[in-house]
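I've put the structures underneath this note.
Below are two complexes that have subunit A in common, paired first with subunit B and then with subunit C.
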Partner chain A sequence: MTDITQKYANLAPTTAQKFRQRVLPFLALAVVLAIIPMSGPSGTAYTLLNVMGINIVFALSYNMLLGRGGLLSFGHAVYFGLGGFAAVHAMDAIGSAESGFWANYPIFFLPVIGFAGGALAGAVIGWPSCKRAGTPFAMISLGIAELIAAAGLMFGSIFGGEEGVTGDRMVGHEVFGLSLGPTSEVYWFIAFWTFVGVAGMFAFTRTPLGKLSEATRDNPERVEFIGYNPTRVRYLVFIFAGAFAGLSGGMAAVNYEIFTPEALSLVPSGLVLLMAYIGGIRYFTGPILGAILLTYMQSMLSDFTEAWLLYLGLLFICIVMFAPGGLAGVLYGFTDALRAGKLGEVIGRWAGQAIGSALALFGMIILVEVAVHWSNGFGETFEPYGLHLTFGNPLTWVLIVVPVVAGIVILRRLANTEEGVIA
Partner chain B sequence: METFVPSLLNGVIYGLLLFMLSSGLTLIFSMMGVLNFAHASFYMLGAYFAYTITQSTNFWFALILAPILAGLVGAGVEKWGLRKVHANGHVAELLFTFGLAYLIDEIVKIIWGRNAVNYRIPEALDFTIFRLYGSDYPAYRIFMLFVAISMLVALWFLLKKTRAGLIIQAALTHPHMVGHLGHNVPRIFMTVFGAGCALAGLAGVIGGNYLVTEPSMAVLMGPIVFVVVVVGGMGSLEGAFIASILLGLLQTLAISVDTTFGEIFGFLGLSGTSEVGSISIASLAPMIPFLMLVLILMIRPRGLMGDREF
Partner chain C sequence: MSENALSLKGLTKSFGPAKIIQGVDLDIKAGERHAIIGPNGAGKSTLFNLISGLYTPTSGSVKLRGEEIGGMAPFKINRKGLSRSFQVSNIFANMTVRENVRCGVLYSMGYGYSFLRNIGNLKEVSEKTAEILESVDLIDKANLPAVLLPYADQRTLEIAITIAGGADVILLDEPTAGMSHSETDRAVDLITKATEGKTLVIVEHDMGVVFNLADRISVLVYGEIIATGKPEEVRGDPKVREAYLGDEADGLDEGDAA
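On to the complex of A and B.
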């Protein structure tokens, strides 16, 4: 009976809980963003950090659709690109304006223009797209993305043709004493807007509209029963998602000072889908993790190996097949077990899974690397630690087959015992 | 006439090639509800397999072996990949095939290189079959027409006149009922998936040397195949056929029209030198499929001949 007589007030989070769950993470984010420059990063590190900030906002805006709204879009880069183009054109207007509105508009607030541009694009394109969810939505987004990408190359006066539109960020008024010249100053700009974007999108999840979008994802019929129109909810969420994508586009416009029609194409749309999904679409922090990891992979791993896209594809397929919660899901599973004090029960299995996956990965990496060096045809071979690995060398096959088989055996055995426990 | 008739013929051939690609996808889509993003990747695999086989033997072996290989790869993907993901819903399946398309692209780049391979029309078919309004018409295109039509007839016969076809048709709309009647539905799914991929592979074998065999061929063809399936309608091979031919004709004919917007809408005062006015119909050809896709989904979501909305 205690369950029923429980007062509603008891169910609400306490002030301390509210602080811990809603304020503390953002204080931590602000502190991290502020501390990073103190470690004295190099120019390359700053460049990487700036791209990460842009991608974090972009991936989060994508997750407003996929994770929160259940809308799979293949053309989210359209809003990133259109917001970015709006910002670049505004940048040019600021540079050439003698007086009036643009002359007084600081570059620092360009992402606001991007936000407006993305929202406008979302409002126009979202109208036909949002009538249906599921596969029709995905197909319409694909069709519209192809159309806009083709139009991007056709209308040179807006999108600048193949060369794109360039701008100069060191014009107009300075705010906060930032000239935005060196990348270290751009960092503060990116950090500020990343924080605004992340906080804004988190706040959105707490609004009635944000809650309704999750309800529409789970059961549109019941949303209709309680008196809301699912199409309208989807449309409004779509506009906001487009707006935040435009915000990241505005950040990118200032960071790169150039936008090409390439930014509207299916390639960045696919990449943002990978970021959000690999990170974990069921968690707010998932896309942040995914954006950080993929940006890092894109710039660092591509120096080590040409096959980084293959590894990315493999990672994505593995996540879809074995860990639908993404990286954040794995991480939260770990902390949840830690908090529930059940770590002892599951740690053995996790350790086994980690070892199995690592072994399989080891074999796969050797296979891929040997294959890549073979296919280049420069006569180079894969030579880790002085080993001379080619397809003719039996050692290569031992190093490929043994770890892969061992890894798969371990993983299968663990999967079987797990099923046995449940049965 | 001298541009119209050859364009018409080319359009029909391109349309039939599209149908060969999309017939498998339509079957898979209506049976499992999955739009297979990697379908065009099997088309690419078919072309590359054929290239490798022609290196050591000849084209005729490739014509038979390459689709079988592509079909086997497809069946394997269904059995060990898609079936596992099925429990997580349609979005997960769509994403799985999306990742698979990525993966096949990269693997093809590693095995066969980043540039186009020299996969050529067999010498036995490399001649002029007839002259059409003063220009030579290659025999290989007629051969493509022949292969596509024989495949069309074979598929129609298999689906409408055999017992296996009956079960497949039943499984398209009522998979549970078919399961209750004692048929192994997962195996039917696997077979249809494999057969669909084999058809895509066949399209690759005869299309790869007509067009170009390169790693980007899947990316170029993939979205167009989707358009055919969506425009044709769910569960309807007839619809897919009409949509393929329509798309083939529209695209081929549009390319041969040089008229610009300025010339068409000149009476409205649109100048031929302005940005919009200088756009020609030919340059819009690549956009036509996607315009059709968006319009159909907005106006008639079940497609031309579909029996249900998806």
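On to the complex of A and C.
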């Protein structure tokens, strides 16, 4: 028996490995969250950071389904929204309560209400949806999203009609000395719950249920023959995914002090799918990267150009076609190459890919901008650096076609040589 | 009289008009090693699918230690202590060897759908996992992704997952198919060790293995059992020799020699 015990000690990762893989990243996260305010961010920067925190938790909760559970949902904003509405109503209850439970409930802990609301919604809606996996699951999630979004506009007393439900976060008891008035104080609230959400969802991946979720994703048939009901596994995972989405909804309720039925709609459901996928659904950190990038793009690009959704679409297509591992896949590929000492080889190819992508992107940007300017302003033109790029101008077409073709040729040649190497 | 571990009565299975299993009666005693042989397409895997819950019987009954389990969900049957392997390796390819076996161990250790425990801290689960890996000789490859294992090791892992939950009725569907001679010998050793004191039902093509391992043999042809008995009884049965023409009849004689 001692023999076996020794062997099993060798099997498990060492304490040092565990520390490096499981504790260090969270220490780093905590440190990053703590030192960000020291750089003295502007009000806009705080606003952006707060939205990032919300989206990080939301995207990770989505990936509990897509990446870890193999369940493609088109309606995950339903749980974000229902959790958020629960939190906004709780906020109002806190504001108007004279005594009793709500009078003593601090705003700071509203995400707990969101968590419970999301879990409840997941438990009710998940019951019929999780009977099936695969395409039927995806279709059911779409149907339910439509249904709840429509209900959101119909039941004004709950969802506040088109104006939504508003709240005031500067009520009730203060905790940690935070009034939650200025965005810089909301930051600490968001940072706290982002950390809790990320740590909680990571811990979930280490539980028996979390492992079984991956097993069920990969081989639902075999799971049945080791004593597990795959439907039950999916259902429980679904409840947790709903709960963490509700948690991010609760964060959003405090951050925006308003929730509208739009939060339940297909638009945020689609956006969270893009965040998770672009970030990389096979990696725990993927959705975090995706949430950061897309939140940034949404806020920055939408100031620059009205075509930011077109760019988002382009990015998504590129990821699906050229980097199915997402941003995290590219990043880990890079560090793996670094470790294997093959950086030289890999960098050459990546430099080529970067040049090819940049060229293609350049042409696409010109095309998109020319088109958007023209469609918006009844013949307005795109005039970068004093150039006058109209539809009739041959230069316009040269600037579009030449880089795009050159870029695609480079990318294809690189793809071919890569195949050649493998064969 | 020792109790029957498994008891099939008038078991049939049809897919549309095709009657694949046509009335099987079979009693397997607790602790017995029972081999099922028969030509390809005879319905051996289908029979396993009926017993393990993957298929619902068209008619007839399947009893596990006297309790009816026909048509019950596979995970319920598994929890009652019946576990099966698959003819085509059916493992968790993206997980490591250790994680594969650990998945097989979890339910039997009472951790069901637990979401409040860190799986790495479950000492008895880790120990049991190591014990299984040790017994099937995969401990050195424990941290490899299952998908990278050589074929024979994948077959072994298939068996490891099957026995991990500690079931006392084990069904193995062609565990040595596609293995070389030496690999087969190793696999048979390991099966013998791992199923010590348990009830084993095994589908096997290698006659040497069958005649070495089995206490009793059933011959399944076209969904019917044409003979059941001790190895030497079955070998002499004219009906069996008739069903096994050509090469395979030689196989029966090889078994004789072995």
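To be clear about the criterion, the second predicted complex is superposed on the first by the 413 of 423 C-alpha atoms of A that agree within 3 Å, B and C clash if a C-alpha of one lies under 4 Å from a C-alpha of the other, contacts with A are read in each partner's own complex, and residues count from 1 in each chain.
What we mean here is this: a residue touches a chain if its C-beta (ideal position, glycine included) is under 8 Å from a C-beta of that chain, and two chains touch if they have at least 3 such contacts.
Given the structure is predicted, the values throughout are model-derived calculations rather than measurements.
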Touching partner for A:12 - first (subunit B), second (subunit C), both, neither: second
Partner chain(s) touched by A:320 [first = subunit B, second = subunit C, both, neither]: first
Partner chain(s) touched by A:207 [first = subunit B, second = subunit C, both, neither]: second
Which superposed partner A:233 touches (first subunit B, second subunit C, both, neither): second
Touching partner for A:415 - first (subunit B), second (subunit C), both, neither: neither
Partner chain in contact with A:142 - subunit B first, subunit C second, else both or neither: first
Which superposed partner A:331 touches (first subunit B, second subunit C, both, neither): neither
Shared contact residues on subunit A - subunit B and subunit C: none
Residues of subunit A touching subunit B in the complex: 70, 72, 128, 131-132, 134-136, 138-140, 142-144, 146-147, 150-151, 154-157, 270, 273, 277, 307, 309-310, 312-314, 316-317, 320-321, 324, 368, 371-372, 375, 377
Touching residues (chain side subunit A, partner subunit C) in the complex: 4-5, 7-8, 11-13, 18, 203-204, 206-212, 214-215, 218-219, 221-229, 232-233, 236, 240
Contact footprint of subunit A on subunit B as seen in their complex: 33, 35, 81, 84-85, 88, 90-92, 94-96, 98-100, 102-103, 105-107, 109-111, 113, 223, 226-227, 230, 275, 279, 283, 286-287, 290-291, 293-294, 297-298, 301, 309-310
Partner subunit A, residues of subunit C touching it in the complex: 52-53, 73-75, 78-79, 83-84, 86, 90-95, 98-99, 102-104, 106-108, 111-120, 122, 126-127, 129-131, 133-134, 139, 142-143, 161-162, 164-165
